[in-house]
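Below, subunit A partners subunit B and then partners subunit C, in two separate complexes.
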Partner chain A sequence: MTTLDFIATYGPLLLSGLFATLRICFFASLIAIPLGLVVALLLRSRRAALRWIARAYVEVMRGTPILVVLFLLYYGGPSFGLVLEAEPVGILGLGLYGAGYFAEILRAGLQSIAQGQIEAARMLGIPAAHILWRIQLPQMLRLVVPPSINQIIVLIKESAALSIITVPELTKIGAQIANETFAVIQPYLAVALLYWLLIEILAALGHWLERKVRHA
Partner chain B sequence: MREKVAEGRMRVSREASMLDLLVKYAPDFFHGMLVTIFVSGSAILLGTVPALALAFGLMSKHPMVRYAANLYRSFWRGTPILVQLLVVFYLLPVIGISVPPMLAAILALALNTTAFQAEIYRAGLQAIPYGQIEAARMLGIGTRHVRWRILVPQTIRLVLPAIVSEIVIIIKNSSLVSVIAVTELTRVSQQMASNSFRPLESYLAAGVIYLLICLLVSVAGLAVENRLRRQGAVSL
Partner chain C sequence: MKPEKNDKALIQVKGLRKRFGEIEVLKGIDLEVRPSEVLCIIGPSGSGKSTLLRSIAFLEAYDAGDVVFDGKLVGYRDDAGRRRLASEKELNQDRSGFGMVFQHFHLWPHLRVLANVTEALRVVKKIGSAEADRIGAEMLGKVGIAAFADKYPEQLSGGQKQRVAIARALAMKPRVMLFDEPTSALDPELVGEVLGVMKQLAQEGMTMLVVTHEMGFAAHVADTVVFMDGGKIIEKGDPGKLFAAPESDRLKQFLNTWRERSI
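Presenting the complex of A and B:
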C-alpha cells in the first residue's frame, strides 16, 4: 500500500481519532483545572489537616503513572462501585491526574499575589469568593497561563495511555489500523505526526496567548 | 474483562486473603520493581551525554546544526512516549535490527529523555554568565575545556532539581513499556490482577511501589542538592 492510498483509506479514521483525543483532553481539563484550583486553595488553607490532605493528593498523583491510575479506576473501579465505560473512566483518570499538576501551578499563582492586597480586600469587607474571582485569579493569569498550556500538552501526550484501556482515541485507532493492515510503520508514524502537529499548533497558540496576557 | 473479574472474585475471594496474595506475589513485584528501575535508570544514563551534545547543538552558531537539533527536540517532546515506544519497537525490525523488547524500551525512553534533558541543560548553560566564557577565552582556554571543565560542572548544580523531576517522569512513563511485554512493575500487577481477580489490590500495590520509588528519588535529589550546595560554599 502506498502512502497516498494509506492516507486516502485511513485518513478520515485517523482524523476522527485525533478529534476523540481532543475531546477527551478538553473534558479532562474541565475536571483537572477546577479540581486543581480547589487543591491549590487547600494547600494554602489555615488548617493543617486540609493542607496535609491536599499535599498527599498532589504527591500521589505526581508519583503514580497515569497508566496505573487508569487501571485502578477501570479494572479496580467496580470494587468500589465505579462502573463506567472506558472513555468516561479515561477522562476521569486524566482529570484527577492532571489536577495534581494544576494544583502546583495554581498554588504558585496564588502565592505570587501580595498578601497585602488580600488583607486590604478583607478589610473592605469583600467576600472571600469575590476576592478569589475578581482579585486573585485575574492577576494570576499572567503567571499561570504558560505552564498551564504546557500542562495541557502533557495531558494530550499522556492521553495516549487511554488506548491501553481500549478508549478509541488516536493511538488506539493507529493500533487498530496496524492490526488490520499488518503494516505497523505507517499507522504509528501517521499517529506520531498527528500528535506532533497538534502539539506544535497548541504550543504556538500558547506563545501567542502568553504574549497577549503579558501585554494585558 | 471486568465481568470476568466480578465472576472470578466470587469464586476466589474466600480462598485467599489479601495478605496471602501479597506474600505470594511479593517476589514478582520485587523483580518487576528492579526491571522498572533498570529500564528507567539505563534510559536516563544513556540519554545524558547525547542530551548535553544536543544542548550545545541547540545553541550552535551554525543554523543547520541548530535547525536539526530543534527538529529532534520538537519531535521527541511533541509526541506521546507510548507512540514513540511503538514506533521504535516496530521500526527496528523493519530496518533489519532485531532487539529484545527490553532493549527497544530502553532505547525509546533514552531517545525521549535526550530531548527533555537537552532542554534542561540548555536552560542551565544559558544561566551561566557569558563573562565567564569570555574570561576563559581570554586566558587561552580551549572551547572543549571551557565546555567540559567550566560550563558543565556548574550546569549540573543548576539543573539538578529539573533532572530529578525528569527522572521521576521517566520512571512513571516506564510503565508504558508493559505494552511491549516487558515484565516490569505494571506488567507484574496486570498479571496479578488477572490471576487473582483482585485488580484493585494489584494496581494499588503497584501504585504504592511507584510512589515510594518516586519519593525516594526526590528525597535523594534533595540530599545531593544540599551536599553540592555545601561543597559549593566551601570551594567559594
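Presenting the complex of A and C:
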C-alpha cells in the first residue's frame, strides 16, 4: 500500500482518533486543573487533617501508574457502583491522575506570593475566595503556565494508556489499523506524527500564553 | 487641634499570651487604647511588640487573654462558655474597625496604585466603581501622591509605596490604625515623608497604635509610649517622662544604646 493509498483509506479514521485524544485530554484537564487547585489549597490548609488527606492524594496519584488507576476505575469501579463507558472512565482516571501533578504545580504558585499581600487583603475584609481569584491566581499565572503546559503534554501522552481499556483514541486506532493491514510502520508512524503535531501546536500555544501573562 | 480624648478604652488587651512552639512571645500583656490616642510601642527586636500588634489584629491567634475592640472580643466567640475561633465572616466583622500598615507595604504588584486603594471598597463595601475611584483619588491626595494613581507599585519609591498602603487602609474608614514598623524598610531619606503623613493623621484625631524604632516620632507625636522587652510591658507612660526619666534599668540601657547609635 502506497502512502497516498494509506492516507486515503485510513486518514479519516486516524483523524477521528486524534480528535478523540484531543477531546479526552481537554475534559481530563478540566477535571485535573480545578481539582489540582483544590488539592493545592488543602495542602496549605491550617488544619493538619486536611493537609494530610491532600498529601496522601498527591502521593498516591504520583506513585501509581496511570494504567493501574484506569484498571481500578474501569474493572474495579462497578463494585463501588461506578459503571461508566470506557471513555468517561478514561477521562475521569486521567483527570484524577493529573490533579495530583497539578496540585504540586499550583501549590508552588500559591507559595510564591508573599504572605503579607494576603494578610493585607484579609485586614481589609476581602473574602478568601476573592483573594484567591484577584490577588493570588493572576500573580501565579506567570509561574504556573510553563509547567502546566508541560503537564498537559504529559497527559496527552499518558492518554495512550486509554487504548488498553478499549477507548478508540489515537493509539487504539493505530493498533486497530495495524491489525487490519498487518503493517506496523505506516500506522504507528502516522500515529506518532499526529501526536507530535498535537503537542507542537500545544507548545506553541503555551509560548504565546507565556508571553501574554508576562506582559500582563 | 486634637479632639479631646475620651476615657472609655477603644481597645482593651487583657492578660494576652502567645506562644510559638517552645517560646512564649507574649507573657501576659495588659494595655488600653482610648479614642484618638496615639500609642507607640518601642523595644528591642524579639521583644514581642510586632506579635502584640499582630495579635490585636488577629493575624496571630493568641493563646490566652482577651483583645476587646469597642466592647467586643476579637477573633474568638464564646459558645456556652467555650471559646471557639471566629469564622471568616465573623473575623472580618471584628477587624472592620482596623486599618493596618505593614513594614514591607504589601501592595498588590499586579494592580495599579488606584486599584490597590479601591479594591476593598468595591469588593467589601460594594461601592460602585466611579464612587470607589473618587474615594481612592481623595485618599491618594490625602497622602500626597494623587499623581501616581495610574502607576504600578514597582514604579514607586519605598516611601511612596508606604503612603499608598496608608491610603489603602484609610479608604475603608477604620477607627484605629495599626502600624507595624512602617518606616523600618525605608531608606533614611524617605522616612520623613511617611512619618509626616502619620503625624497629620494623629493631629486629625485618628486612634493609632504604632510599633516603631523611630524614637523621635514616639517622643513628639505619641500620647503614650510603651516599652516592651522579653514579651512583657516593662514601662509605660507619657513620652516626656519615659524618655527623660526612665525608671527601669532595661529601658535606660535601651535608650542609651539608641543614643550612642544615633550620634
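The working rule: the second predicted complex is superposed on the first by the 216 of 216 C-alpha atoms of A that agree within 3 Å, B and C clash if a C-alpha of one lies under 4 Å from a C-alpha of the other, contacts with A are read in each partner's own complex, and residues count from 1 in each chain.
Keep in mind that, in the parts below, contacts are C-beta pairs under 8 Å (C-beta built on N, C-alpha and C of every residue); 3 or more make two chains touch, one makes a residue touch a chain.
In this text, all values refer to a predicted model and were calculated from it rather than measured experimentally.
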{"item": "Which superposed partner A:Pro78 touches (first subunit B, second subunit C, both, neither)", "value": "first"}
{"item": "Partner chain(s) touched by A:Pro34 [first = subunit B, second = subunit C, both, neither]", "value": "neither"}
{"item": "First, second, both or neither for A:Gly11, with subunit B first and subunit C second", "value": "neither"}
{"item": "Contacts of A:Ala192 with subunit B and subunit C, given as first, second, both or neither", "value": "first"}
{"item": "Partner chain(s) touched by A:Gly63 [first = subunit B, second = subunit C, both, neither]", "value": "first"}
{"item": "Partner touching more residues of subunit A, whether subunit B or subunit C", "value": "B"}
{"item": "Partner chain(s) touched by A:Gln117 [first = subunit B, second = subunit C, both, neither]", "value": "second"}
{"item": "Which of subunit B and subunit C A:Lys157 touches, first, second, both or neither", "value": "first"}
{"item": "Residues on subunit A lying within both footprints (that of subunit B and that of subunit C)", "value": "none"}
{"item": "Interfacial residue positions of subunit C with respect to subunit A in the complex", "value": "57, 59, 88, 92, 95-96, 98-100, 102, 104, 106-110, 119-120, 123-124, 165, 168-169, 172"}
{"item": "Parts of subunit A lying in touch with subunit C, wherever the complex brings them together", "value": "114, 116-117, 119-128, 130, 134-135, 138-139, 216"}
{"item": "Sites on subunit A touched by subunit B in the complex", "value": "59-60, 62-69, 71-72, 74-76, 78-80, 83, 156-161, 163-164, 171, 174-175, 178, 184-185, 188-189, 191-192, 195-196, 199-200, 203"}
{"item": "Subunit B to subunit A touching residues, read off their complex", "value": "1-2, 5-6, 9, 74-75, 78-84, 86-87, 90-91, 94, 168, 172-176, 178-179, 186, 189-190, 193, 199-204, 206-207, 210-211, 214-215"}
